[in-house]
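When the chains are written out, they are named A, B and C in that same order, and each has its own residue count from 1.
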Amino acid sequence: MQILQLLVSGVAQGCIYGLIALGFVLIYKATETVSFAQGELMMLGAFCALALLTVLGFPFWIAVPSTIAAMGLFGLLVERAVIRPILGQPAFSIVMLTIGVSYVARGVVTMIPNLGTDTHMLPVPYNDAIARAGGLVIDIEQMVVIGVTAALCLALFALFRYTKIGIAMQASSQNQLAAYYMGIPVQRLNGLVWALAAAVAAIAGILLAPITFVHANMGLIGLKAFPAAVVGGFGSLPGAIVGGLVIGVVEAMAGFFLPEGFKDIAAYVVVLIMLMVMPNGLFGEKLRKKV
Amino acid sequence: MSHDVLLSAQDLSVRFGGVLAVNKVSFEVRRGEVFTLIGPNGAGKTTVFNLISRIYTPTGGRITYDGRDLTAEPPHAVAALGIARTFQNIELFEHATVLQNLLIGRHTHRGTGLLDDLLFTPKARREAIAAREKVEQVIDFLDLQHHRDTMIAGLPYGVRKVVELARALASEPKLLLLDEPSSGLNVEETEDMVFWIDDIRREYGITVLMVEHDMSLVSKVSDRVLAMNQGEVLALGSPAEVQAHPGVIEAYLGSSDDLSSLRRSA
Amino acid sequence: MRFLFKTDYDQDIRLARHGGHVFWYSALMVLLVLSPWLLDEYMLAQLTMVLIYSVVGVGLMLLAGFTGQFSLGHAAFLGVGAYTQAVMTNAGIPFPVALVAAAALSAVVGVVVGLPALRVKGIYLGIATLAFGFIVEEVFARWESVTGGNAGLHVKAPAIFDWKLETATEFYFLCLAVTVLCTLAVLNLLRSPTGRAFVAIRDSEISAQSMGIHLARYKTLSFAISAAMAGLGGALYAHMIKFLSPDQFNIIQSIDLLLMVVIGGLGSVHGAFLGAIFLISMPQLISQVKDFLPAFIGQAPGLKAVIYGLVLIAFVLFEPLGIYGRWLKIRTWFSIFPFYRKGMFKRQKSFQKSDRLR
């Protein structure tokens, strides 16, 4: 029974990791750049929702879409202002840039008086709700996380499979120059990808907030999403989610069965094992330069 | 009539996923000759090179070089055996100067160990000067003097091609693999390339295995030609023989049926 | 404009290429040697910290800037060196022995951390090193019998049995000696076949292999040397701050180290020094500037993060060659005046083509 409980909470945590990893992988697939800012975007999303719900008093069903839209816009702005000018520079520089963005995001949030420096509760309709099913205590907050993640995955799958935009994104990620020649508005698409990634991060933030509360250091969870992306295979969207689930479950189990401290590093041990055994991840693509 | 064989490929095959890129290709390269691989794009010529350089591992067949089996050697061992290559799409070290690129080409001739390098012992200094003297000979041969201290990133395409060749020569190879040495070069540059390849063979006694599309270059410089198509050997012989081979003509231009139907509809 | 008329190969091989080099670097050395008498206690301590971070920076520059290997968990090596030195010094072992042990142990850890580099590249390697960073930090926290865990560890002054290095001046000279030796070692490496092999690996691995460079051996070597230097820096760091705790070697410290090499100028030894100066002087600058800003910005806890972030973004956007790059541009402007053209240092823009095969 307790194992099942652990499993569920591991899966729920894993969904969060998976969602953040999804954001990285989206950006990586489109522009082959790695963004270390996803965790902070998630944190900003949570704070945005918090502000809309508590400070401005919006009802939940308006605050959530507004947050997602606002963060999408923010992602677009970040891409336009900061990422676009440096495309073409080595990957290392771009990573440092996104680290800079994450520092600024975290710093600015902690500057906001009261809101930034404390830990807050996000008032969602299902706060602390519990259901019971045959002796099992089901935490509704966790269920919502799992459910929304699944729905989001389906939506994204449909986007990439069946819409022109999705196919265009894939094209531009594989050969930018050719995509330009085909009339694909590559730069606008890149902006869209960042907007999408930021929106996904915002959703992750809203989902995570009831569980961990809203505070400025929420974004550090984003670092654990990297192992998730690597386990799944960096170029693979379903891989990101699966990787997240693997990390989440392993972490939950480690926290229960292993001595203290192992839970924090479980994700990192998993990723090292993965890199040794299957460097391309579970669903990854083989990286090979053609000469 | 026995010829001194330097490199021999026997039933060489490689498969990538479902694609059989090279299918039972066999040929011999004799010491001191210029041997050219020709064929339409996608024929597998560069793949053969990559197999010899051990960047890919063959799924079938063997490669023998100077009497030893090359098939299982790791990629970095190939240079020490005296095989140097150039790359089709230029794989120079972008953020280094021409001189540094050539010096790196001499890596297999290094005489110093880590400690000598860290402490810059007199031995390190002697080795550095010796390497520099050798590299300067190559620079003189290929007229790269005024590009010596320029970063690769600042050089035009034609010069980069020459630097690729220089870097390969700097390693004092016995066998030189040239992958499309004249691609992207203009008429004058191509003529220079013809002279250089000829000089390489005659003055330095280096055996050259070349992939080339420019038929005039091939005719002027090659001793023997191997035509490939779709991963298989099509014809082998002197340049004139191979270029007249009906199979080769068909591979490049399509069959005579296609030609005549084109003429009819025109 | 300076025209160098070269008459022998030594001129290209030497570290100091011409009279100007010799003059300025000698002057710098003289100043550094006289610093304890020219600077007050506080500034000397700052300078000592700059030297310590420079040692680490030069090592990281070798790994990231010259060999092109991502290292996102470099603070781990700093920590291994620091704790090794602390434990050995506290046990009475003479400090030269401890220093060598710190460097050696860090090098071993460096080889282990570098193992993924043999199989994966780029961001995968970055994540592997990140993972190692977290794991090592946790080890510091859990291995309480040796490291004192989260409660921390006091570090005694460096000593050879009864002779102690207790004054700031004595310690400064130790740091200066270590810095000079490490810098010379790296400069020597860079003009040798080993250093060229590192650069080759950074620019084109396939090409490097075709030149006969054993990728695994050189990548491991680069990690080992880089870690050893970080370990040396860490050992000196331990004596400097006298109290160690695991959270001094966390991801923030690793990012600070990367910040240092990126802002200093990736790919140049000067960059490590300039970056170290930047890193050590930033907190002072921020404190000065704080008072001029409105209260809600100046006193906010997030100010440091915002400023660091903005500076990093600014450098990557506008000066990717770092402080050293900017210095080179200024010097070139003056030296070839009035022929300086805006595009002289411009990177070639490239369209992104995926290296991924499906």
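By definition in this document, a contact is a pair of C-beta atoms (placed from the backbone, for glycine too) under 8 Å apart; a residue touches a chain by one contact, two chains touch by 3 or more.
The model shown is predicted, which means the values in this text are computed figures rather than measured ones.
J.: Indicate, using Cα centroids, the chain positioned nearest the centre of all protein chains shown.
T.: Answer by centroid distance: C.
J.: Measuring centre to centre, with centres taken as mean CA positions, what chain is farthest from chain A?
T.: B
J.: Where the CA atoms of chain A average out and where those of chain C average out, how many Å apart are those spots?
T.: From the centre of chain A to the centre of chain C is 32 Å.
J.: Can you give the whole-Å distance between the Cα centres of chain A and chain B?
T.: Inter-chain centre distance comes to 47 Å.
J.: Counting only Cα atoms for the centres, state how far chain B is from chain C in Å.
T.: A distance of 40 Å separates the two centres.
J.: Show the residues in chain A shared as contacts by 2 or more other chains, in ascending order.
T.: In chain A, residues 291 touch at least two other chains, as defined above.
J.: Among the residues of chain C, pick out those that touch two or more other chains and give their numbers.
T.: Expected reply: 206, 347.
J.: Specify, in ascending order, the residues of chain B that touch 2 or more different other chains.
T.: 55, 87, 91
J.: Would you tell me which residues of chain C are touching chain A in their complex?
T.: Going through chain C, the ones touching chain A are 64, 70, 115-116, 119-124, 126-128, 130-132, 134-135, 138, 141-142, 205-206, 251, 255, 258-259, 262, 266, 296-297, 300-313, 316-317, 320, 347, 349-358.
J.: Show which residues of chain C lie in contact with chain B when the two form their complex.
T.: Chain C reaches chain B through residues 9-10, 12-13, 185, 188-189, 191-197, 199-200, 202-204, 206-215, 221, 267, 347-348.
J.: Give every residue of chain B touching chain C within the complex, in rising order.
T.: Checking each residue of chain B against chain C gives 53, 55, 74-80, 84-85, 87, 91-96, 99-100, 103-108, 110, 112, 114, 116-120, 124-125, 127-129, 131-133, 153, 167, 171.
J.: Along chain A, where are the residues that touch chain C in the complex?
T.: So the residues of chain A in touch with chain C come to 28, 31-32, 34, 82, 85-89, 91-97, 99-111, 113, 116-117, 173-177, 180, 216, 223, 226-227, 230, 234-235, 260-261, 264-265, 267-269, 271-272, 275-276, 279, 285-291.
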